[in-house]
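Below are two complexes that have chain A in common, paired first with chain B and then with chain C.
For the complex of A and B:
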């Protein structure tokens, strides 16, 4: 019996198709999830992973196809249906109510009526957290928890009504390395208890590390699979090559070229930051005496774990945040007291990491988003009148130059994928003679191909003489395009050092604060 | 004895305050429920007015205050169906629909009243207050607070009931989630549309009860526009109490008192320009908003339509 059970797939998807206006999100998908197995679903942004999870979790209804759970054909009409059939999902963006306690979040939707079984729920929480081997305080308010803990709560909830299939959508994107490690342990424990785990990611290494089986999606179709036997018996390099080919189709160009070129010794120093400090409410200053000097065309990488003052530094440079002391000097002139617009006019540009929030206005067209920072300026406005024709023409040119995939320049920018949205932002910031560009995590959430396009365009600009501050948490990116690199830790910036091979170890030690700056 | 501290002044101030405050409590409670579920109900005034008219007709027809309250509540509920269909199901703009409901109810009730009752101005059955033993014997304030029609005490009971529902039941949990993180509720297997529908219907019921209380217990007859902005006052109160609905009792009576100050002053023989006193509730609102408005709690998904397949 036990054997038969293990052979019955937990879930089978047969010929699943889902079309949205203008896009085929899923086309004839066949997928089998087996108990006791971690199944990695790998693909670029927009490959159709999210739609597929939506269908499994009951959020999205397929246009065609069949779903079988333990051999039985079913319809999953709602998330409730999915949960009752033992399919639990942990979404990429937290779906907990931040104002409620852990326990109340877990009870949400379970007890619909008058009775609220808080005591029974505590017992169940104990049970599931023992299964996961984690400790969760039922009475803490979710909004106060760290992201890793919140995710544990979400896993608990996904398993609340039965342990069958656990779907994890980009689960590591928000986690610290330690948090990710804990997650791996939890997942291993769950599959050893007979669950089927679906692990969705666009990071190749994660998919291979964690998955017992890997399925690759591209443009809504399944384009290949790596079986457990292959994963065990073939070399990592071989598999990596093969999977890259599946992800990107005919040619694999994901590896970064060596972008960096030499900065001339004689290039003039254009941009200087002197002893910038910003007080904070926490135990450490937000910025603590930050200084650096950049030559024309130089790329300075700023590495560090999120939340050590990088974003604040970028905002101070852009003029969005007030510095308590210190000075910013462009071409021997202080720009410290200039407004954001005046800094723009001087050629200072800032590419924010908050694409949806401060980077764009979602409902406005691509064209209007492109001129967002130039409202009222000639040639887009003349005598206070909008000149739509010139805005559209300008937008069309940038869309073409930066290879933005959009039907035309008048569609709302919120309809674009993350990668295309980022291309629009880059196009906007890099147009019209930038002098100094500050990037804050410009490749965040982008797939490998768009990432390399973005990095290439940053490097090209630098070759053309643009001075660049490149903030990133990805050491590999910093090493691939920067000339020098400094590390931020608790608001302090280390002395910039030249980039050379083997530097990552030293940077890693600085980032975690295990060596002093 | 005349003056501000005379027994007749305080007693009529308190009593009038309760009578004027109970509709605010009913309607404010209704608003608080739908706001927590993420629906900003600007049509509250219209639901109250509709309830006032429905209660009036019901009480005349059945010669009963209780049937009047019942039909008033049902009328409010029926009006709130517009909001359910348009805003919860079809995702229309809540504010536009709310304003339309208010304007529509004002027009329809004035028209019906003008066509049917304008010549006779009938009065509804007289209500009999029930004096709570012992409490109503407290000197000076006792009769003012504790000698009213039972539907006034019912308001307090309902407030405590709703407070308990929000805090300790599954429905309450779902209501809070529908307002703060509707996608979380849906992902957990709850129905956002279902919960918001229930919430808006309760709002209609409570607003209708509040409106009919004005007619049946307060004024004794219906005149067009009788709610006179109380629905909007109730919306403000609901926002001010920040989801802690029990405070509505205090806030309602306080604002009720300021509304009934004119009458109390006249009864006590104090001569103050009436226009000045009539301004008081609204001045009070402005002052309170200045003092506490910044901290007023609003659910994150308030007034946002919910679409399952869109984030």
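For the complex of A and C:
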């Protein structure tokens, strides 16, 4: 440890400040990244983590402060600049070009003059993917990959040049448990080779497990640090308590209450899915004979590793994707042939996991995004003419009720952090008198407090009689709020089983395909 | 009571600042418009000087014959009418993310039917009914013509940039065929439609040659501006343009919207042709191709679909086109000079946009 401290720091941030209109994103940040050390950055949504990564990776220019790399004061003008200085970043949101192949995406980052060094690149890809112990087909088109696989390519790209600093922004959120484990091994190997790794997360346990040092951000400021010595010498419980206080201020309420209540035996069966199938181009059907029946107010958890057909199931239920066979029945009536809008009118809601891609229209205001699915409806429009006052009033109410952190309702929704954007989407969907809500990873990228708020509101809605399909990759979430749970694996859905304690192991085995459905 | 009063004051102050903001924006866009104009004039002037012409007298002639002289000014206003209507159509398509580059073909298709129908209907119907019919027909024919790329796009996802551009060629050939085969006037030797009598053309205004088509053009641009910004339909179109996936997710009917965008956008091009034929030309010859649509494309983009800027850009463009023709004749240089200058203007406008974008990014 003493040795590590005496080495020249890989990167030093001194007094970094960045202000956006209405928000101080980073205020007087002092941060030292040391070679051979994993530095965990913890904080809520909007704590300033993203801005800090932006500054390190050259995407954002600080208003004040100094950056030193290996003791030398520098300006990082662009992401390319950062890469050339040995700072590689894996972002939370994919920066890959979806229409290009994996190999072409990787070649984009390499300057080789006119000739593309495909063979060399292939070899390097093989090398890095062996290091990660993942299989990546260089010729598959990135847009066809599941989000989890895309992130693996991102990691490969960040490791492409063997950087001095590797920044991982929520890297485990998309990975399989085994993948996350492998990532930990890779990170360990990297730091033992003298790299500095920045690990951004809001999962406390991960931060403590993986980090040699933990720094906590809150509202743009550094509010605390756990040193390597403390991590080694003090008890985990003690540290956890302390860090939770740092993250959330005085009240630390990260644990979920037991939300689930019993569904009445006599409740009517409202929502039935019968033998849904969707053909696929791959070896397995996208959806393979999926069936389940839900009672009024019931929450069915659908567990599974990303890319096993959960997203497609949600899209079929919402009407965004055509099913080749099967039936969807709401209150004894088939809704199979209804359009998206008609299903919405019947009370079917889909909370998408793709907030940027389809959930919101970035350049439009928060207010207009809140009424996105009600364009033209009274009272927000009358005689087809927009009534801004009515929209704004409605938006202000939802923003207040759902604790969305935004300067006001007229700012473009793209300026919000991921968590706040998700709150806007939830506000929009839950305000529409839902009957059946399909959630696809609703807590992805949210901090612990927002996660528990979201889960609580899902459970509250269910108690009020909303039937819920809850798709998640987080077993702990599913176990905490669902009545029954089924696992998706290669397009097949297992028989739903009642949630009880100790069920996780069985689910995990099903998710990874180590026992058959 | 006083709280209410305060609120009113605050609202009033907000409104004033909103208006101020709007004026600054318009002022700024005017400034961005002037710099490229000056740039184009300087480079064009250098070329004229190299050719041994006096640039100052050339430009003087452009302004004189395009803007100051009464005849030229009238011609400029007459030319503006169809340009404004085409622009109105593009102000619908482009913000909705549909690249309708087929306005030239849509214009000619609408025009050729209107030209045939006009002399046919003129003896039976009086002014208002006649013109309304011709306008509706011109609009409808172009709209129907655009259903081809619209259906290809909505059902098969075929890129409309290619299909609309290609359909212009087909439309030009097809209209020539119609004129030569069916619509030709048996009393003339050149293949052309019968002529709409001068007495049956659109009413003129201010005892000039300027016909009411100009008013139609202004109304169309302003109405489209209003529609895109204040109606549910306009918002749907903008959402489709900004994020089509979000539009689908929100349950919008993409096929219906796509058809609406194409038909409205093309319809305005057809209306532009109807206005010009009923107002000025009165006749269509085979092989007729005014090719004005594509010239409007960059103007609409540079005006950022804002009615005031669209009108200003189109006025400036028309002045230069009309004045440039006379000035070229006087300087004894080919009329290409005008197109060359227009090209320069567009290059400088684009450059100006780029510079503005860069400076706004830096700040």
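What we mean here is this: the second predicted complex is superposed on the first by the 380 of 517 C-alpha atoms of A that agree within 3 Å, B and C clash if a C-alpha of one lies under 4 Å from a C-alpha of the other, contacts with A are read in each partner's own complex, and residues count from 1 in each chain.
Just so we're on the same page, a residue touches a chain if its C-beta (ideal position, glycine included) is under 8 Å from a C-beta of that chain, and two chains touch if they have at least 3 such contacts.
Quick caveat, the model's predicted, so the values are computed rather than measured.
Undergrad: Touching A:100 in the superposition: chain B (first), chain C (second), both, neither?
TA: Once the two structures are laid over each other on A, A:100 reaches chain B alone.
Undergrad: Could you say whether A:281 touches chain B, chain C, both of them, or neither, answering first, second, both or neither?
TA: After superposition on chain A, A:281 lies in contact with neither partner.
Undergrad: Is A:79 contacted by the first partner chain B, the second partner chain C, both or neither?
TA: In the superposition, A:79 contacts chain B only.
Undergrad: Could you tell me if A:91 is touching chain B, chain C, both of them or neither one (first, second, both, neither)?
TA: A:91: touches chain B, not chain C.
Undergrad: For A:340, using the defined touch cut-off, is the partner it touches chain B, chain C, both, or neither? Pick first, second, both or neither.
TA: Only chain C; A:340 stays clear of chain B.
Undergrad: Looking at A:359, would you say it contacts chain B, chain C, both, or neither? Reply first, second, both or neither.
TA: second
Undergrad: Applying the document's definition of touch, where does A:385 land relative to chain B and chain C: first, second, both, or neither?
TA: It touches chain C, and chain B stays clear.
Undergrad: Once chain A of both complexes is superposed, is A:368 in touch with chain B (first), chain C (second), both, or neither?
TA: Only chain C is touched by A:368; chain B is not.
Undergrad: Show me the residue ranges of chain A that touch chain C in the complex, using the header's touch definition.
TA: Touching chain C: residues 318-320, 339-341, 343-344, 350, 352, 354, 357-364, 368, 372-373, 375-376, 381, 384-386 of chain A.
Undergrad: Hey, which residues of chain C end up touching chain A in the complex?
TA: That would be residues 230-233, 235-236, 239, 242-243, 245-246, 248-253 of chain C.
Undergrad: Inside the complex, what are the residues of chain A that reach chain B?
TA: So the residues of chain A touching chain B come out as 54, 57, 59-60, 78-80, 83-84, 89, 91, 93, 95-100, 104-105, 107-116, 157, 161.
Undergrad: Could you list, by residue number, the parts of chain B that touch chain A in their complex?
TA: So the residues of chain B in touch with chain A come to 165, 168-171, 173-174, 176-177, 180-181, 183-191, 308-309, 311.
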